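What follows is a set of structures for review.
Two complexes are shown next, each including chain A; its partner changes from chain B in the first to chain C in the second.
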Partner chain A sequence: MVKRIVVGAHYGLRDWIGQRATAIFMVIYTVIFALNALMLPEMSYEAWSGMFAGGFLGFLTFLFFLALFYHAWIGVRDIFMDYIKPTGIRLALHVVVLFLLVGYAGWAAQILWRL
Partner chain B sequence: MSKRTVNFKIYRYDPDRDEKPYMQDISIDLEPSDKKLLDALVRLKSKDDSLSFRRSCREGVCGSDAMNINGKNGLACLTSLDGLDNVVLRPLPGLPVIRDLVVDMTQFFKQYHSIKPYLVNNEPAPERERLQSPEEREELNGLYECILCACCSTSCPSFWWNPDKFVGPAGLLAAYRFIADTRDQATTERLDNLEDPYRLFRCHSIMNCVDVCPKGLNPTRAIGKIKDMMVARAV
Partner chain C sequence: MSEATVRKQRPKFLALNEIRLPLPGIVSILHRVSGAGLFLFLPFLLYLFDRSVGSPESFAAYKSVVSNPFIKLILFGLLWAYLHHFCAGIRFLLLDLHKGLELEAARKSSRIVLIVSIALTLVIGVKLW
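Right, the complex of A and B next:
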């Protein structure tokens, strides 16, 4: 490969909107979650896990984790873009983080749906 | 009026003589006619003529004497000496130093040229000028005044980390100046050229550029408007 500076990947807008949309969703979720938690009759394991079991909040919680992981992906990728200069190492780190986040999403689903 | 002394700490580096850069302590007695930092620098140079810095118009129009003044980028010719008793001067951060306060601006201008800073219009020129309505012309205010002093881009961490890939606030302000121009016909190409995770979206709106601009311009707002236009054409 010739050594020239290459830019112009023609993406960026999608991630930029995605980061903002997920941020707004996470704020709204935090309010809904806090209200639900405050309205629990008692602070016990049963009440706590019952809050997420099935139902609307369980679904929203899963969406929250997807939003969090997508948001985290863009943020972490930006940090790598700034500080990790060798392309090979950057690509490797991208792949590792992507697999980790997809794994976390699966894990979150497993935890939420076994309740 | 009594004489006033200003104490300088100046970044010195002559690659032909110095192994590495050092900070030089030097004081100068001001004359009553010395109003701006540049006046003091010119006086300093008459005392030590090995000191190098760029200057030309000495009135904030040419953008030559941009430097880091007490930790903040600015133009020496627009910085008042009032209340300025101790001054630390360094070259603009993030660019290679040629000598003392003179930096190599190649990378900065490369980015500026990459956004095609000229009007693109393929229609034959009319007999008289291409007309704009007063409202259309209004949109260019706060954009065309940029003097390319590089104060903004060299205070931007995104530009420090990726000067080869991120256009930087000065270049993006100029980009929006032509995107906003109703006489320009290359809007699509200009937006395509910037829709990139590095070229535009390295900007995280921390507004260092707005903080330092000696002309009071707002690159962050221009960058926001470019993003708005990208959203408008994508959704």
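Right, the complex of A and C next:
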């Protein structure tokens, strides 16, 4: 008989689903972005920045950044859980990555809001 | 709580230089490597995006940065990382849905992932730069 102590109800399920949900969103966004970029008349500043200025693609682009940072958080956390054994160091790295990603989200908002 | 330490003894073979990773294993580890690489270069990519949409002047500065051959090489690598992560990710999503779990199918799909991501990298990379 396998003796197993199950801790908690659904540890990790939320992140597992979050990782996949953000992945699917990013796949769809990538296709939409590529189509928009292909339809640009020319690669000028006006055309390129205009693509993200307000509108639907601007909205999706912000969501893409949020999805990307949440996805990156889960992935990097998994890498640290696999390779960094000392709990203190792993925890410190997790905090650093979290702060970085939240900062990136602010940066991305600032880039897109300015347009 | 001490019962939590009950574990099966499993054989270990971790001579990394002697392990010959099968194709699905290569796709898997490259998924991780490409993801880690993309994460590490996030600030650089955000910086480039910021410059490219900032103003006509910063757009010109962005253009001169990305025309540097060394930067081009890095971007080429990041483009591959994105596309590999993209293709391998779709494969993993299909595996989650129990599609292509058989050995032959899994080997075939991993070969497709490797080939398609490299082909797309070449096509897009050559078109962009």
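Quick note on the criterion: the second predicted complex is superposed on the first by the 105 of 115 C-alpha atoms of A that agree within 3 Å, B and C clash if a C-alpha of one lies under 4 Å from a C-alpha of the other, contacts with A are read in each partner's own complex, and residues count from 1 in each chain.
The rule we apply is simple: a residue touches a chain if its C-beta (ideal position, glycine included) is under 8 Å from a C-beta of that chain, and two chains touch if they have at least 3 such contacts.
Since this is a predicted model, take the numbers as computed values, not measurements.
A.B. asks: Under the stated touch criterion, which partner chain does A:52 make contact with: chain B (first), chain C (second), both, or neither?
C.D. replies: It touches chain C, and chain B stays clear.
A.B. asks: Determine, under the contact definition given at the top, whether A:27 touches first (chain B), second (chain C), both, or neither.
C.D. replies: A:27 contacts chain C only, not chain B.
A.B. asks: Which holds for A:81: it touches chain B only (first), chain C only (second), both, or neither?
C.D. replies: A:81 contacts chain B only, not chain C.
A.B. asks: Contact-wise, after the overlay, does A:3 reach chain B, chain C, both or neither (first, second, both, neither)?
C.D. replies: Once the two structures are laid over each other on A, A:3 reaches chain C alone.
A.B. asks: Tell me which partner A:72 touches in the superposition: chain B (first), chain C (second), both or neither.
C.D. replies: A:72 contacts chain C only, not chain B.
A.B. asks: By residue count, which of the two partners contacts chain A more extensively, chain B or chain C?
C.D. replies: Per-residue touch count on chain A favours C.
A.B. asks: For A:111, using the defined touch cut-off, is the partner it touches chain B, chain C, both, or neither? Pick first, second, both or neither.
C.D. replies: Only chain C is touched by A:111; chain B is not.
A.B. asks: After the superposition on A, what does A:15 contact: first (chain B), second (chain C), both or neither?
C.D. replies: first
A.B. asks: Identify the overlap between the chain B-contacting and the chain C-contacting residues of chain A.
C.D. replies: 5
A.B. asks: Along chain B, where are the residues that touch chain A in the complex?
C.D. replies: 158, 161-162, 164-165, 192-193, 195-202, 204, 227, 230-231, 234
A.B. asks: Enumerate the contact residues on chain C facing chain A in the complex.
C.D. replies: Listed in rising order, the residues are 1, 3-4, 6, 32, 35-36, 38-39, 42-43, 46, 49-50, 52-56, 59-60, 86, 89-90, 93, 96.
A.B. asks: Where on chain A does chain B make contact in their complex?
C.D. replies: 5, 7-17, 78, 81-83
A.B. asks: Can you list the residues on chain A that touch chain C in the complex?
C.D. replies: 3, 5, 20, 23-24, 27, 30, 45, 48-49, 52, 72, 75-76, 79, 100, 104, 107-108, 111, 114-115
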